[in-house]
Amino acid sequence: MTVRLLESLTTTGALDDAFSDAALLSAMLRFEAALARAAAGAGLVPISVADAIAAIPVDAFDPAALARGARTSGTIATAFVEALTARIQTAAPAAAPFVHLGATSQDVVDTALVLCLTRACAIIARDHGRLAAALRRLSSQHRETLMLARTLLQPAAPTTFGLTAAGWFAATSRSFAALSAAAREAFVVQFGGAAGTLAALGPHGLAVARELARELELGCPDAPWHAHRERMGALVASCGVYTGSLGKIARDVALLMQFEVAEAAEPGGGSSAMPHKRNPGGCAVVLAAATRMPGLVSAFLSGMVQEHARAVGGWQAEASTVASAVQACGSAVAAAADLIEGLSIDPDRMRRNMESTRGVVFAERAMGLLAPSMGREAARRAIAAAVDAASAGDATFGAALRSNPAAAAALSANLSSLDVPEAFLGSAEAFRRRLLGEDHE
Amino acid sequence: MTVRLLESLTTTGALDDAFSDAALLSAMLRFEAALARAAAGAGLVPISVADAIAAIPVDAFDPAALARGARTSGTIATAFVEALTARIQTAAPAAAPFVHLGATSQDVVDTALVLCLTRACAIIARDHGRLAAALRRLSSQHRETLMLARTLLQPAAPTTFGLTAAGWFAATSRSFAALSAAAREAFVVQFGGAAGTLAALGPHGLAVARELARELELGCPDAPWHAHRERMGALVASCGVYTGSLGKIARDVALLMQFEVAEAAEPGGGSSAMPHKRNPGGCAVVLAAATRMPGLVSAFLSGMVQEHARAVGGWQAEASTVASAVQACGSAVAAAADLIEGLSIDPDRMRRNMESTRGVVFAERAMGLLAPSMGREAARRAIAAAVDAASAGDATFGAALRSNPAAAAALSANLSSLDVPEAFLGSAEAFRRRLLGEDHE
Amino acid sequence: MTVRLLESLTTTGALDDAFSDAALLSAMLRFEAALARAAAGAGLVPISVADAIAAIPVDAFDPAALARGARTSGTIATAFVEALTARIQTAAPAAAPFVHLGATSQDVVDTALVLCLTRACAIIARDHGRLAAALRRLSSQHRETLMLARTLLQPAAPTTFGLTAAGWFAATSRSFAALSAAAREAFVVQFGGAAGTLAALGPHGLAVARELARELELGCPDAPWHAHRERMGALVASCGVYTGSLGKIARDVALLMQFEVAEAAEPGGGSSAMPHKRNPGGCAVVLAAATRMPGLVSAFLSGMVQEHARAVGGWQAEASTVASAVQACGSAVAAAADLIEGLSIDPDRMRRNMESTRGVVFAERAMGLLAPSMGREAARRAIAAAVDAASAGDATFGAALRSNPAAAAALSANLSSLDVPEAFLGSAEAFRRRLLGEDHE
Amino acid sequence: MTVRLLESLTTTGALDDAFSDAALLSAMLRFEAALARAAAGAGLVPISVADAIAAIPVDAFDPAALARGARTSGTIATAFVEALTARIQTAAPAAAPFVHLGATSQDVVDTALVLCLTRACAIIARDHGRLAAALRRLSSQHRETLMLARTLLQPAAPTTFGLTAAGWFAATSRSFAALSAAAREAFVVQFGGAAGTLAALGPHGLAVARELARELELGCPDAPWHAHRERMGALVASCGVYTGSLGKIARDVALLMQFEVAEAAEPGGGSSAMPHKRNPGGCAVVLAAATRMPGLVSAFLSGMVQEHARAVGGWQAEASTVASAVQACGSAVAAAADLIEGLSIDPDRMRRNMESTRGVVFAERAMGLLAPSMGREAARRAIAAAVDAASAGDATFGAALRSNPAAAAALSANLSSLDVPEAFLGSAEAFRRRLLGEDHE
């Protein structure tokens, strides 16, 4: 890990590697070498330039010196290009004048960031795959597992854990699909030169840009995007939405894992003080990311108001924001995949928790059954009395209602099934299958 | 206008109407009537229910009373449904038990908000159309209008205003397309009942949901989305990205309109104190929206971590956030369309500003021309001397460089064209046409 | 209420009034009249000017027209001053040239906003007073009420509800004190004229400014603060911190009110679908404010980067942001005061929930008692076995540990008190009294 | 530097050190040793425990292993305490049972973060001192340097650069004072044990806490603040406000440094593509921080809604947020101090820019002088004509107005001084001195 301990929850080992100095410098060198090759293809520079650049190892650069340079020029690229040129000047003097040909600082930094992002997004995709598979499995296993639906943290009515898990699956699948689409749009080369016209390349700008993109396996945009950041903004924002969906899962699991609820448990971790504790550590990691992410998205959006052809401030705020947002997202999905893969479900406790409401969760059902024949007011009174009886522990809601003759008469065919949860699941299974994409008749 | 004066820059008259109490209550009534019709179609309720609801005027509801109710139950729907039922009880007692059948508070409020959003987004689309047309026109008119590209607020190299405007066009077009796509996804009915299973409708839930969606001309999602807000989140986030793109235009125009730059001017407005002032009032409106928007996006994302089947807090924070975000976006694009439609450009001043740099903006070009033959160090020294001469006012950069024999020899064929901006535009026109979609060979 | 139904949870009736058009226009008129009086005091204008202004009713202004004007000039003040002057021109022509003397648009709008804020903050102070009193009362009543402290939503160890309530009290008291201090700093007049020099008043600027402040019962700052917004920023940020403290209370209450926990209940509200539901509606209102607030704070901070002597965008974004933030804060504290005043506590359930852990919450205590004599590893093994026994339901943790001879010997004097919660409260009562300010020996 | 190149603009070398792994681990060890000393003072543990801990070097810990541990337990403390105990078990077995006595994970991590913050804030204070001194000096030097006040980026009226710099001074001084006050409040020890009651210390909790605080030179709060984060929130928020004030300076300088304005210049840096460029690199660093900061503040505030006695997610999101915010703030003030210390001002250009408005900036003054005698309408017409003449280049505004007989007559005594900027500075110098604290008569 290269990130600091204080930030250890903000990334994973793999994502940390993707944004390490070595990864960034390697990507910057790839840009410069690919540019030299592309320019050579257009006959603008000798092919030896690319070879000379490709021969330079990442550790030829002193990160601390580049970082210091950034504080006066606003970017690490100025010092990087100087160091690169000096190195080429020594190793292959004839190649030196052609280094970085036609490019500007932002070209190499933006493109290198995009290259780091392609790697990071591939990691995220793998973890999302694990998560999605585990959720689909959970949902199928528990298609008939009854549980309380809770609204505003209060018991509402029966549902299934299968539907709950399917809801998690579908929300994260939709928001991951949006993230992937945004990534595809954003994975384009940046190459515009000083003014975004590639003027230094004369008539060859577009051809070199295309070849550069091909070399780097990135898209070639219609034009340079130095001060137009909506593609990157859409990527960061979609990370935000996706992480929000992950946070919802973690919040639910942490709530279900409460000692007093105990319907689900993630593997979690221990405590430094309390031997008996099993903490939802994975939920904490996901929720921490979901807490930090909205601020990162807003930081990116605030920086979009960029001046003219290159911003003063807005652009310079971006790299760390984008890297933080993508790592927060990746940290969240890695933790979510782990916790869902390891999630244990207690169907018996789910049923007992439902039963402990003494049937009041069937009050809505009763209202639907009674109101048409008894009238709304009379139905309301009968139900309120039964709710009170159940709350007082005198009888279950169903028994209390059945003991009311008018209500019993009105219930007629539903008399016995009134408080059978399996009879009050409505479209739960249909919804579940639709959410999993298993039932689009 | 129903919004307060203090918020007068946060919306437009048309958008204000779209989120007015009348619009919201009307949408809520549309939901209830459509639900009754859909339920009647499934044979669950008499058709008279829908007729009874449809006969109720919007002003039958007391907004202040509904607002008070919201502060105890967390939603205006509870008091709304009570008032609606009471009204039906009087007008058509037999219909009363069937009002709001199978639905929960969130169903009517979420769907009504979506209905308001469809109207608001249509308004935004119209204003975007005006903006896009005006930008395309500007870009074409000024395809040959030379101007300084500026980076970090300093002169960089020549470009054209046509390319600048095309960049504005393409960025807003891309981000508006994303907004439209997100809106299409988000414009789905909410209908899940108490627990998101439509249990009260027995086996008819899905059919009623589909018919309800058809009645309201909305999409029918795979399942209710009570606590899954990623569709709405994607819409709000895309408003954020789009508004960021608009803010970039406004920032640029306000900078170009500075007295000392004076290359462009928007219609703007006056000052209460200074008779001579012409202020970029339109830019101020756009930039105000771009300043507020990131916080609104982050508020939405923070609220996505919603508990179980209905949140306590996260959901209740949403309606005002969504309405504010969409209105901020709409306020920005309306102002942007106005200001771009009314934008005046001063090509002469653009050229004079470029000339006032005394040619130093050709330094990059000179480096590209001199370095290969003179070597990088010698070229750098020659150019630095010419930059100094130009800055001191002794000669233009080009003249100073040409007076250096070694440089003059190295320039050879480019001797005279060195500081001709038209000769240093590279791919500007190709990029411009690609950005406008006029040149995808 | 003048705010829209969609925003009904974002304010209260009283706060809505404080930011209504009538309140704002009245404050703007107060500014203009006070300015005229102050200028008259310096002999700059006839005293009749102030009288003429004071005679104008609020409804002389057409809010919709002012709002339209704001969209071209970026502020409602330009149209307001024009309308005011026109009115004076008719009523008292000789006074007309002296209207708004020396002032600029921002002077009247900023000062009027400050005047609205003074009223709003007084409302917040009253509700905070209610909240603080109720929390202090709760804490005292329940100084001996045992409850589980929960960490990461898992049972940790015993504490008292008295200490819990005292923690809520102290956190909100500290953050309210900071809010009050920020408000005192921010409640200063804005008066600088076109350029912030009060040039139009010649040598009388400072004297008029002081008198103006005196008239309005506001502070007089060292200088105008047109583009320096740190006082307002500190006020908004302190609203954010305070609302965060309130949100923590609401989150705790909502969790304690879960059916499965049931240790506390707020008055709350009902559901439109489920007759049995009692929802934490007050918590939802507080948490909705806490969800929205961070974005409002960030919007303000983003707007602080204001250009020169008056910003284009940053300033224009402020009024609605400040008003929204203060109302969100006020909405939260009003709901929090209501819910705490109406909070019911169930000490028996608190004890039963603790007992239902079968004593594992004493594991930390056991470790502290056993490790010194048994050694850390042996103690850990003994405790783990007792935790397992308790979890399996075979015995309580204490009984299981006591049945281990080595552990029993090591416990010696603490043998019987090991799992007596009253014996494991440490400094809970001392902390409680300190938090309430009752025990600063 | 330990931070990554991608984040090189987000901190400085000194601040990076303050939050390095070495700094954090050292602070954690200091906590554990101080705790052992404090507990020994109360007779709870042998004094040898503290000595054993104090003998452990920072590099005894493997940061990568601690980071991995954090991803399951949500904190690095669990693995840290285990590693520490294992080490003591080997080195001084008798001391091992007393390690971390009475403390919980959050105690050591929160306190260690506070210790890192004390160091970081001292660095910020030094840089603020440099900035304040440089601004005071600039303001005094330029007390008579005339410049254009600009509003909405348009020329407004004359002011002095001395007043401008004094405004920067006062705003940053006020917001730094608030930051310092918040830091003093926040620099308190965290020590509460598992449940926040210090139960494991029996009756000695408070005494040990006080001694622990004394050892660490931190304050001792009324009670542990595990889930009450308003002190830290106030610190982060005040960093946000302060950074906003710094951003305003940087925005102004970058605007003044524009080639077309050229009234000020910071040392800045070069470009990798354009030999002629001198970029406002320092402004970019400050503005990048000001762009990122509001999102960090909002992330902190969002996390304040923490569950019960220790949060799941909210707390775990904090450490990196606080560290990022403080470093962003420190990066901004370091860059601001550098740029203001190196700022060059061009008084001649300031005057020339003012003159190039051809006197229209005296229109407000003219209105004030003419309206009382000519009447508002006639004055407005005369002034508009003169503005038009000046804009057309026919005459200066003053000359045009003087050539209007009615206006000339009305101007009378002010005829010649109408367009003398020195005569239209109002209270500029008085305000300047008040802002610097030099003139509180």
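First chain written, first letter: the chains are A, B, C and D, and each begins at residue 1.
By our rule, a residue touches a chain if its C-beta (ideal position, glycine included) is under 8 Å from a C-beta of that chain, and two chains touch if they have at least 3 such contacts.
Just so we're clear, the structure is a prediction, and the values are computed from it rather than from any experiment.
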{"item": "Both-way neighbours, i.e. chains that touch chain D and touch chain C", "value": "A, B"}
{"item": "Least step count from chain A to chain C, where 1 means the two chains touch", "value": "1"}
{"item": "Cα-centroid distance, chain B relative to chain D, in whole angstrom", "value": "31"}
{"item": "Gap in Å, rounded to a whole number, between the CA centres of chain B and chain A", "value": "23"}
{"item": "Residue list for chain B, restricted to those that touch at least two other chains", "value": "74, 104, 150-153, 156-157, 193-194, 200, 247, 250-251, 254-255, 271, 273-274, 279-281, 284, 287, 290-291, 293-295, 297-299, 302, 312, 364"}
{"item": "Residue ranges of chain C in contact with chain D within the complex", "value": "74, 85, 89, 93, 96-98, 101-102, 104, 149-153, 156-159, 163, 166-167, 170-171, 174-175, 178, 185, 193-203, 205-206, 209, 222-231, 233-234, 237-238, 240-245, 247-248, 250-252, 255, 287, 290-291, 293-295, 297-302, 304-312, 364-365, 368, 371-372, 375-376, 379, 424-428, 430-432, 434-435"}
{"item": "Interface residues, chain D side, partner chain B - complex", "value": "150-157, 254-255, 257-261, 271, 273-281, 284, 294-295, 298, 302, 353, 356-357, 360-361, 363-364, 366-367, 380, 383-384, 387, 397"}
{"item": "Residues of chain A defined as touching chain D within the complex", "value": "1-10, 12-13, 19-21, 24-25, 63-64, 66-78, 80-82, 100, 103-105, 108, 113, 116, 193-194, 200, 247, 250-251, 254, 267-274, 279-299, 302-303, 312-314, 316-317, 319-321, 323, 335"}
